[in-house]
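These notes open a run of structures that come right after.
Look for chain A in each of the two complexes below; its partner is chain B in the first and chain C in the second.
Take a look at the complex of A and B:
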């Protein structure tokens, strides 16, 4: 299924909004859970089964732990670590997974076209597009660096957390800066940054799925806010 | 009528003497194909950057003189206005793509200059038909081979219909067959009457393609040949200019494409590789992964049941891109955990994690394997027991002692490579693997790498070097190992040594 990037952006916004407001009653939890299921269903539709499953397991186990095994009276190191871990997963994972879905399934061309439709200035659109373009680059560079570290036997930085971090970050930063510089030189020679309004080959159109999803997201938000704050 | 005019141009980069230009006068006629050659740092890339306006608009420095390209005064013209006039194909496919998908990349330029969607679509179709890109359309750029990436780069430049096309060392990351395709693209542009300027170290594929050859030395134009003079340059003469050969021997070409017919030669003092099987396609599994076997055949990306390779020699690893060279190197140095290969070395059998201890891969992008803030600590990091004396010895033998306290990132490319080698030696690795160490190097730097590899072998290390440079093979390899479709297809003695 092809969703319009505008719908996707709206989804990122709504999902983040709802998961950030704390759910206090079972009804509010129900809304929150149904919102969380949307990106999972979308991922399954995109045939990203393993990611969907991993996320579902992590999220479900965090929920079960929070509700059945942990309470405000929990004590001890393990319990406190678990509270932290579960809190982060329950609170942030839905937003992260939605963002991940959007980045993975949106082509740069679509994204640029969407930004133009929303009358976002080219400067901002281009910067955001470069950020999206950089994710796979960082991943590629990072895995080469990891290989190099495995060969040197310094994966754990000799037990020193700071060095573990340093060894990964220094080469990564150097290569990203270099790639960034060459990338912008190449983009400028192909006319990026001119006064002409950019055009776009991809013409976006909202379809039925887009309208349905947006309506559902809006309705959920309204109901959530009304039940939480006004009733 | 000349389309590119450089008149009395002097240029120096801010804060660096490298690549500066000294009194350049160059006039290029419309429709000419010009080759710029010469050592690294002689100013080839600077000339390319003058023509596409990156100097002075992107790379700043002191610039004097007049530069005119197709009626534009470069100094006064903003870069984006040149987009439809001058197109540039860069050296590194990793860093010249703006999009993540191939279609998006080709239309990126036309979108930037604000063409109508209909026109963009038409240009996309034209370029795809012209360069035969159907099969790689709609794919992620991150999953393409180097050759495919470079074809997309050419296509995305062509989509802007520039009159002037510049290529800055375009063949650096390509294998033999991809270079042939690149030559085809250049010939097609030539036929269309484009003006083409190519800066390049590899010369053989440009024979019979160029009209003029400019030889650069220390920022000056030191010599010029016509195309015919260049085609008939003798081997010796080419060498005196420190250029790579213009003509390749037939046998070397067969070697490099993995098409040599000779079979496996016997080696007495050997290292034995056993059960090297690997596939990138993962199979569904529940509790444990199934081991790969020889009988898995086509499923395997690497299929070497047993292979004896000479010890203490330099072995050139050849074969087309994407047929298993890198996979072989990665499995051999233990980076692919799913590969259960064993190495029999000096009567001992190494497998699994032990392999990581005796094999060391010097990566193509050596920046990835330098972590620390000085050359000395880089070497010490690799040692099990830190031994300063041994560290000095190693640095001495690689000519790095003077740079002991320098930050590795402040060194030149060749020096970085030697730092990586130093840490490999310090880690006690006996088998040193090199992944295309000479791509993008000029002749004298390549010669130096060749000498270094020979030196490592004479110190007792076994060196395996994957390469697309026939020149490097004739320079330093004792043996040539061909890999095709994941299988070792031949191992032969290199006749020249």
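Take a look at the complex of A and C:
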């Protein structure tokens, strides 16, 4: 199933909104959970089983821990670390899952054409597309740097925090800058930044699934806000 | 590079995008630490400017036209919103970006003094993320506790970040921004200028 990028962006927006307003009653939790499940189900539909399972397990375990083992009164080191972990997972995981889903399943071409349709200024659209494309690259480069250091026998920079940071940051910046140069060369060859309006190979059309999902997301947001603030 | 046109080109946008991604990666790596103890959340004003000094100084060497720092702040605001930080801080983040851009512009993006001040101002985006904690203090506290944090965490967080301390945090943020800029510049000089990258 292919969703329109506009629907995906709307989903990111809605999930971020709901993540921001925290759930206080079981009913609100139910809405939050269903909102979190949507990207996971979509991942399964896109055949990304392992990531779907990973996210599901992480989120479920954090939920169980939070509600059955930790309470407002929990104190002590292990408890506070756990609270920290569960807090971040429970609070922000939905947004992370959604963002991950969107980044992984949206082609840059689709994204650009969608931005053009929504009349987003070129500058913001191009920069955002680069950001989207760049997160996986940073991760990749970072792990190659780690590999290279391990090969040379450099572990953690000899315990010196500053050097630890420097040894990773500088090569990362070097490769990012180089990749950036190549990226701009490639983009300019393809006519990015020209005077004319660009056309796109990908025709964007909202399908039935898009309308249904958008309606569902809107409805959940409205219900969430009404129940949280007005009742 | 000798192109003196004032309009931003595709290449500039790509540069901005790359540095926004790097900046966010740095922010994210250190941001995770905040869940260990709320005091670390408050100390972001010290950690983040120092850590992001290096990539940002490299970024400043690539800035030649007005708008790049502004767009960077807009991207940060969007990413922060998606990351669940809320929309309250967004205008402040962008505001800090525009002012930083104007200051750097007044030095033609070359004057190091102006760049240091500009980076100090730019760092106020970190404080902008505290904004929701201040404005919606009571409900935010309740939200944290309902959201799975312990009362202890919430109390410590509000002990560290409240209306009284925010002034100090803003000043610290600016000061460490300037220090971060100086350190970052030194590192960029040590590694990148020698290698001929900038």
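Methods note: the second predicted complex is superposed on the first by the 219 of 231 C-alpha atoms of A that agree within 3 Å, B and C clash if a C-alpha of one lies under 4 Å from a C-alpha of the other, contacts with A are read in each partner's own complex, and residues count from 1 in each chain.
The rule is short, and it goes like this: a contact is a pair of C-beta atoms (placed from the backbone, for glycine too) under 8 Å apart; a residue touches a chain by one contact, two chains touch by 3 or more.
Model, not experiment: these values are computed from the prediction.
Once the two complexes are laid over each other on the shared chain, residue contacts for A:128 go to chain C alone; chain B is not touched.
Legend: residue contacts after superposition of the two complexes on their common chain; A:174 is shown touching both chain B and chain C.
Legend: residue contacts after superposition of the two complexes on their common chain; A:183 is shown touching both chain B and chain C.
In the superposition on chain A, contact of A:81 is made with chain C only, not with chain B. With both structures placed on the common chain, the touch criterion links A:66 to chain C but leaves chain B unconnected. Contacts of A:192 after superposition on the shared chain: both chain B and chain C are touched. By the touch criterion defined above, A:166 reaches both chain B and chain C.
Of the two partner chains, chain B is the only one touched by A:154; chain C is not. With the contact threshold set out at the top, residues 129-130, 166, 170, 174, 179, 183-184, 187-188, 192-193 of chain A are in contact with chain B in one structure and with chain C in the other. The touching residues of chain C, counted against chain A in their complex, run 8-11, 13-18, 20-22, 24-25, 32, 35-37, 51, 54-55, 58, 67, 71, 74-75, 78-79, 81-87, 142-153, 187, 191-192, 195, 197. Residue ranges on chain A touching chain C, taken from their complex, read 12, 16, 19-24, 62, 66, 70-75, 79-81, 83-88, 90-92, 95-96, 99, 122-124, 126-131, 134-135, 138, 165-166, 169-170, 172-174, 176-177, 179-180, 183-184, 187-188, 192-193.
If you check the complex, the residues on chain A that touch chain B are 107-109, 112, 129-130, 132-133, 136-137, 140-141, 144-145, 147-154, 166-167, 170-171, 174-175, 178-179, 182-201, 203.
Those residues of chain B that touch chain A in the shared complex are 52-54, 57-59, 78-84, 86-88, 90, 92, 94-101, 103-104, 107-117, 120-121, 124, 140, 142, 156-157, 160, 330, 333-335, 356-357, 360-361, 363, 365, 367-372, 381-382, 409, 423, 427.
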